[in-house]
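Shared between the two complexes below is subunit A, which pairs with subunit B and subunit C, respectively.
Showing the complex of A and B:
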């Protein structure tokens, strides 16, 4: 379905983004707005400057990004691994499903962000509290999808395998697990963006470095430029994380492409 | 025989809840394995929950007041986001020219999570209802626009050709063919948006607020009252689940026969 981008689309895109930036710049230099937020030129300059000098909280922008990424990836990998295992177990075994479902139903509707205060009470202000939150954020999404994936395996396939004398573990490893991979990947995508949001919130509430800390100290120091630099960095890193996940899915689930 | 099996699994589910509550009671209430400031006693949590309906101490408002303050802000932002987001998605998907100009701008703000805007909006608009509603607005705008867009784009070409053959105008094709096709997808977007609105609200209240459920758990933490934090978290979870259920009921009524589950 996806059509190739024509030069026309590119031109329109560039025109509209450029018009937006121009409007922003003019608005800032002409009207009262300029006192409130800095123009795009100032922000671009500040982004470039923070990349090389330790201008924000004694670190360069890269260090802040690195801290946030380290927290996200540690929690994400732990949470996703746990989620896949629990989700597949729930989809495969009805006793496990019956046992875990009520617990899962209790935990899932609470947004991970609402765990921030209790995680601080439990784990203090450091690295652990943030990782715990991200484990929660990714675990719920991945579990739900792995569970649904394992449940929706075509029963005819399982029936055929049984008839040909496959053992239970063979059915699980050669049919159920591969069949639920596309669903699991959908969960991994959602989990990635939700983890990224959660780490920001956690850093905004209590932290001493990272992108969330950067925008929240910008607020306390009335430094609009720092906030906007933070927002730009958050957007770019978030975009890259999602793009990497999508690329991985394209490569690993190539066999499933026709179905999607 | 099948009924018996169903009962068995239901029993296991009940057993799991009872087991958790029992472990909680045993470890915290009786054996005192963790301190009360980290994990509250089961009995204390229940009594705090009941007492919180009538007493305002220690955070200045009863549970009901916190609840309605949160709901009010969340619904403001949510309704605004949906009113702007869904038509925006429909317009972008239907008019190619509009799409070419609006899409790049939309793609610019799309990867930025709603809560990243909190500091900016607080500096610009203070800590009242407006900045929170705006944060939620942005959080809602993105999923509702994306889903409306994909929904309209899913319209089958054949259906549109049928419209052409019978001489339907562009507006008729949009309202009679494309929008009904997109309705289930739009509703999925509305439910995703509700989840993100609720979680953005909690974040906003954690950071800057003087009432609301997010404020309640933040105060509970700062005075080490874990029972209060837990009560707040349970309320947040239950409200979120209820809002989702409510939308699901509307979805069933409105999108009837449009392959909504």
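Showing the complex of A and C:
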């Protein structure tokens, strides 16, 4: 059973975050390494300012987050949908599995960012090239998990469904698919972090906006505050994305609680 | 007298010289040797034998979940080749669909058969009530106790209105108290909605409480040692003279066979 967070846990969490911010602030004034970067107060000020004024490359922070999110979500949804279909097909049908497994095993270890040059060659510098990379990043993780999920369905459940009169296709849609959902969700979570890292890398290589671009231009202009604003935004957005995924899983996999 | 009449009718389940050998890397393992068994309509037959003796394998062959190496099973003249709604199975591990509620599990078979929602929920409700689970229609299996899960399993198998019910040590995982209760419940359910039943157990009290006929099986390879017709009046008393006497007699049979 998933435990509810006690007040103690909340207090510990808040204390730890404040301790980190305090150490950062102190570090900025006493250590040599710290003196090169702005402290949390400066960064917070810059974050707030960039939310309302077009202070970064002619855009507000929201616009940069929006660009990165749009790229991630488009690629993520396409890649995950494809991954679920291919993974379930591999787990359900031996012929499909036999054909796809070798190619999949070869493509999977290639990190998505290795495709950056090819993506630029094929799709140019814009939206499509980034989406292509994120499709790759999410596809492999989701496929792997959907495949494993469909393969590991309890054979007794399939026996029970047959006993109750289910046809082969009914077994796929009413047993194999729901039984694979927790595994697919595990894949979706990994795919989300992987997509998020990939979009930032892609933006750092070639882009005219987005959080990855913010960091790289900060480096070029020696603007430490802009770099840190970008890093903070990446952390916070990533945190929110994962939290949303967890919440969705809690709702969709209510029946599976206690097994996680 | 009643038994005499029954035997004139053609049996519902006919097992003819069933054999099962598992091929393992370490060589062939004979699990079942030449079992022939007829079960009459509405008869409650208990397969009684020690653990791991192959009685579950035997039941699975009647269910169609496992193929025999030799011999045939026919149920109502149809040769059994795969599992189907003609034979409802209650599994030892329950095997409920964890993502479906009690109602979802019980109505599953009707849903697959294309029965309209209103109609199938009405029929499922009848069996949910029969097993005493009213109020738990929207509960997921993870939130139910062991005994309640098995009730759902029984209702699910009953709901497809099979010709025969096959129960594989359904109460094996329950504590003693719940087990007695479930035995009484099953007896009541069976009296209310009569079916031809094959019930597997390794518990002699359970066998005597429920059976019209007990088939005593020997351990590996599994074969029939002896049959006992039990015509004690129902519901039975676990501590009556006749009950204890039969219990001794069956005990003696097992001891002499091993």
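Quick notes
Please note the rule applied: the second predicted complex is superposed on the first by the 226 of 260 C-alpha atoms of A that agree within 3 Å, B and C clash if a C-alpha of one lies under 4 Å from a C-alpha of the other, contacts with A are read in each partner's own complex, and residues count from 1 in each chain.
What we mean here is this: contacts are C-beta pairs under 8 Å (C-beta built on N, C-alpha and C of every residue); 3 or more make two chains touch, one makes a residue touch a chain.
This is a predicted model, so every value here is computed, not measured.
In the superposition on chain A, the chain among subunit B and subunit C reaching more residues of subunit A is B.
By the touch criterion defined above, A:99 lies against subunit B but remains apart from subunit C after alignment on the C-alpha atoms of chain A. When the two structures are aligned on the shared chain, A:142 is found in touch with neither subunit B nor subunit C.
Of the two partner chains placed by superposition, only subunit C is touched by A:160; subunit B is not.
In the superposition on chain A, contact of A:218 is made with subunit B only, not with subunit C. Those residues of subunit B lying in contact with subunit A across their complex are 9-10, 12-17, 20, 37-39, 100-105, 108-109, 111-120, 122-124, 153, 195, 198-199, 202-203, 206-207, 214, 217-218, 220-221, 224, 226, 229-230, 232-234, 236-238, 240-241, 244. The part of subunit A that touches subunit C in the complex is made up of residues 154, 156-157, 159-167, 170, 174-175, 178-179, 181, 254-259.
Subunit A contributes residues 1, 8-9, 12-17, 20, 36-37, 94-95, 97-103, 106-107, 109-118, 120-122, 193, 196-197, 200-201, 204-205, 212, 215-216, 218-219, 222, 224, 227-228, 230-231, 234-236, 238-239, 242 to its touches with subunit B in the complex.
Against subunit A, the residues of subunit C that register as touching in their complex are 63-65, 82-85, 87-89, 91, 93, 95, 97-100, 108-109, 112-113, 140-142, 156-157, 160.
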